Amino acid sequence: MKKSFFTLEHARQLTEDTYEVVLSGDTSAITAPGQFVNIELPGKFLRRPISICNWTQDALMLLVKVVGDGTRELVRCVPGTEVDVLSGLGNGFDPALAGRHPILAGGGIGIAPLYGLARRMLEAGLPFTVALGFRTGKDAFYLEEFAALGCRLLIATEDGSLGTRGFVTDCIRNVPECDYVLACGPLPMLRAVHGLPQLTGGQFSFEARMGCGFGACMGCTVPTVNGYKRVCKDGPILFREEIVW
Amino acid sequence: MVNLEISLAGVALKNPIIPASGTFGYGREYAEAYDLDVLGSFSWKGTTAAPRLGNPQPRIAETPCGMLNAVGLQNPGMDAVIETEVPHIAEIFHGPVIANVGGFSLAEYAENCRKLDAVEQVAILEVNISCPNVHAGGKNFGCDPKSAAEVTRAVKAVTNKPVFMKLTPNVTDITEIARACEEAGADGLCLINTLLGMRIDLRTRRPLLANRTGGLSGPAVFPVALRMVWDVYEAVKIPIIGCGGVSSAEDAAEMMLAGAAAVEVGAANLKDPYACKTIIERLPAVCAQLGVDTISELTGGAHHG
Amino acid sequence: MVNLEISLAGVALKNPIIPASGTFGYGREYAEAYDLDVLGSFSWKGTTAAPRLGNPQPRIAETPCGMLNAVGLQNPGMDAVIETEVPHIAEIFHGPVIANVGGFSLAEYAENCRKLDAVEQVAILEVNISCPNVHAGGKNFGCDPKSAAEVTRAVKAVTNKPVFMKLTPNVTDITEIARACEEAGADGLCLINTLLGMRIDLRTRRPLLANRTGGLSGPAVFPVALRMVWDVYEAVKIPIIGCGGVSSAEDAAEMMLAGAAAVEVGAANLKDPYACKTIIERLPAVCAQLGVDTISELTGGAHHG
Amino acid sequence: MKKSFFTLEHARQLTEDTYEVVLSGDTSAITAPGQFVNIELPGKFLRRPISICNWTQDALMLLVKVVGDGTRELVRCVPGTEVDVLSGLGNGFDPALAGRHPILAGGGIGIAPLYGLARRMLEAGLPFTVALGFRTGKDAFYLEEFAALGCRLLIATEDGSLGTRGFVTDCIRNVPECDYVLACGPLPMLRAVHGLPQLTGGQFSFEARMGCGFGACMGCTVPTVNGYKRVCKDGPILFREEIVW
């Protein structure tokens, strides 16, 4: 964990409610894809947790969906705005444990951490497929960025306006050799993916309302097979075996 | 040089700033951020006899200038704390520790405190009779002067350590509870715990917290806490730890002027893990501005005018 | 088209938004800013039998997300209000008016309400048994169920207008007071009045308010007000006017979901004189988002889940 | 009273703690010198009352002394910042009632409304003297602006580092023909000026902690000979005869 100021470089609108936000600053506390940052916003008491979509030594990329005042304010910041950020929070994905045919499964804004994960897995020479789900084609974003990675990319939309008609789970089912998942998305999606019989293991990224984001307040704890865990510190990534719904 | 030392019922603290119970765990997470030895003390997470899982999710909601929590005293239980956390605390903090003690019966409070009597690092017992997030069937011990006095007596009977009773603000007259604790032998008081509050999620039309209500803390409650510290300072002779909404060195000074001998900082730590460290570093400058070279002179300073 | 009409103990209001007593005077200043006929009603400044000068300066202090006031019921007295203000109100507002009534004795409350019984524009009496800023020698009537019931009965005996008792949050159990008022014949309740708070001026080392303590209001208190409205909604059958920290149409909807039939807006008017007008204009959109076409459906909506 | 947005044009530092702030916007609600505006600042619940130093049809000039968080934030605003302002509050000075030899007496930041007043009196062809008091020469500001008006200008500093050694009252005493005062400054100064036997009348600008600033809350009322008055609505200017100390 590191507390430092980042400078907002730009906020670029991707869909009606989703933005790419790039911040420059010291990213040295970030150790794994799937970690998150906790951002202070003027006028808000609690920080806002946002997954790290990607990072370099001196820049941080986030994908932000506007759902309330805090996210709205964040994407409205003008370039040059200084933002107080706690960076390098949470455990992150561990691609080394991802088996032989992993699939990176994301739903909606949940695709954010998968991009950084995919880049790290490419760099490490690990094989993988990416499956992204959206409500409709209009809600889809970051397709070109994922496509540019050169990995296998599957897309599902609920109305069939783009890719497979249906859910991410339908994509995964279409890749029968896939036996491991690295997943992030809304709870119903995680649950559906978790239940796929073809999987022998997986890592799932969870959300929770957070007080601190660094393990001190017990605000975010959830039951697991191995006892209560703090989503912010022991997670946000939980392993398939330990998840209790 | 400003002298920041204070004494709390005979326990010397290098400065009056104490992270408040429930916002500092058992110190582990903050020790990764800074050297805890800058602190006057810290109050560990409210600990009960049995391990507690706490309330279901969500447990946290935001409010204007504050937050609600309904953690529900999640803790590993007193034995585990003494076995596992206490030795670890010895590695990360070398000052006197305040042990916040929860309980659901007189017997449990007494048993918890008895166990702590032998723990050397624990210098003060802070007995939480005010947690709004646990349902012990009926009101809090802290809502009634008789019950508050009973807990005080039960605890005092089993320990030689100074006992501070932690009071709830959710009462008609906090001075009545404070006096009852003093008469029952309390060595000090800590106030306030959180104000009972709630939020509703407009989308789901349901209470935002699974527990429905939660405890309000943060800057929003500062004026309420300050008023109660003032009133209790006039009502009792034992020292007061002032708590509620403190987030700057100026707030801490204001709390001391109202009557606090020491100051706990809660929610501010969650927003900024370095909050206590920053406050401590700013204290000498604030004292200088106020023209005092011994910080303890501030205590109750606004009463004698 | 969303139907914003509500009924409050038989009194029809065109919408549920009501400026709260003490933040709207007798309407004069706001009538210069906008047409008051957009309002559901308004609650005039707490009026006592004799004219009152109120407390010495300063009477106002700022707090995080809120403010303290210690105005101390400054008002020209009931006779002057009926003679001078009521005819003027007739010119600037054509809906039903809520008359907020102060008092220092059962007899005074009764006499004030008797005088108002004949005032046609006044549709509801809001009996303030909760002002924290007046010193009547001892506790507030609103802090004790018996006294609260006595005031209710005294007032009900002299008026045919619906009587709403305005409750204080500074109590251990507000539902107890609420039930006592209901049993004594109250037609409705208004809650909350302000939370008791204080601030100290670091430079002078004295309380900032001349009255030492003041009443805390504004967004900071919203979660406390919401919780009390919820609890009282479960405890009584009479309608509740929810009040405390409301500053947006969303807040008003949240208050109604907690159980409020109508919503008073206080401190928000002081920060933004157009606050009530803006909230009313936004209500239809908020109702649409929540999927209701009759706003009164929101009342208590979060209880039946 | 008007509620509207103003745009900050600049904040220029004049002394260690005093700034000139210029805002552009609709000033149509301003009817007299000595009125004030009430300014919303992010993160502050109450607005901040500030006297109108001067105004044109589309610009507002303020002199602001930094005494706390709110004033600090105001003077730190970057050009272009939008500020929510209630303008045209209070009664203002009435120069028509100012007698034959009025003196405009200001102390510290209290000189602010006197500048606009002096300009209006000049325009109306009314005669007057200006007397300004400061702690030391270093604390003085707006001397050139007042001097440029071409009126008689007297200055006092407590340490004598500039002008007369002493107080504004000493300046006034040095102008024996002066029989009327238009005064603004700290309470002790107002009181001393009020007590000068040479005066037959005067208008005094008061401060009070305010809830609303437009007469609704009774937060700012003070006793006067004519009963309680609201500093924000019936004042901030009170007449000499009605003042109760």
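Order as written gives the chain letters A, B, C and D; numbering starts at 1 within each chain.
The criterion applied here is as follows: contacts are C-beta pairs under 8 Å (C-beta built on N, C-alpha and C of every residue); 3 or more make two chains touch, one makes a residue touch a chain.
In this text the structure is predicted, and so the values were computed from the model without any measurement.
S.K.: Moving only from a chain to one it touches, give the least number of moves from chain B to chain D.
M.R.: 2
S.K.: Would you mind naming the chains that touch chain B and likewise touch chain C?
M.R.: none
S.K.: Among all other chains, pick the one whose mean CA position is farthest from the mean CA position of chain A.
M.R.: When every chain centre is compared against chain A, the largest gap points to D.
S.K.: Calculate how many whole Å lie between the centre of chain A and the centre of chain D, each centre taken as the average of the chain's C-alpha atoms.
M.R.: 56
S.K.: Once you find the CA centre of chain C and the CA centre of chain D, what distance in Å lies between them?
M.R.: So the centre of chain C lies 36 Å away from the centre of chain D.
S.K.: Averaged over CA atoms, how far is the centre of chain A from the centre of chain C? Could you give it in whole Å?
M.R.: Spacing between the chain centres: roughly 46 Å.
S.K.: Give me the residue numbers in chain B that touch at least two other chains, ranges are fine.
M.R.: 61, 63-66, 218-219
S.K.: Residues of chain A touching 2+ other chains?
M.R.: Touching at least two other chains: none.
S.K.: Chain contact topology under the given definition, line, ring, star, complete or other?
M.R.: Its topology is that of a ring.
S.K.: Who touches whom among the chains?
M.R.: A-B, A-D, B-C, C-D
S.K.: So in the complex, which bits of chain B are touching chain A?
M.R.: Touch residues, chain B against chain A: 22-25, 28-30, 32-33, 45, 53-54, 57-67, 69, 71, 74, 218-219, 267, 269-274.
S.K.: Which bits of chain A are touching chain D when the two form their complex?
M.R.: 42-43
S.K.: Per the contact definition, I'd like the list of chain A residues that touch chain B in the complex.
M.R.: For this pair, the touching residues of chain A are 1, 3, 40, 44-47, 86, 208-212, 214-223, 228, 233.
S.K.: Which residues, counting only chain C, touch chain B once they are in their complex?
M.R.: Touching chain B from chain C are residues 61, 63-66, 68, 139, 143, 170-173, 195-200, 202, 205-207, 212-213, 216, 218-224, 226-227, 230, 245, 250, 253-254, 257-258, 289-290, 301-302, 305.
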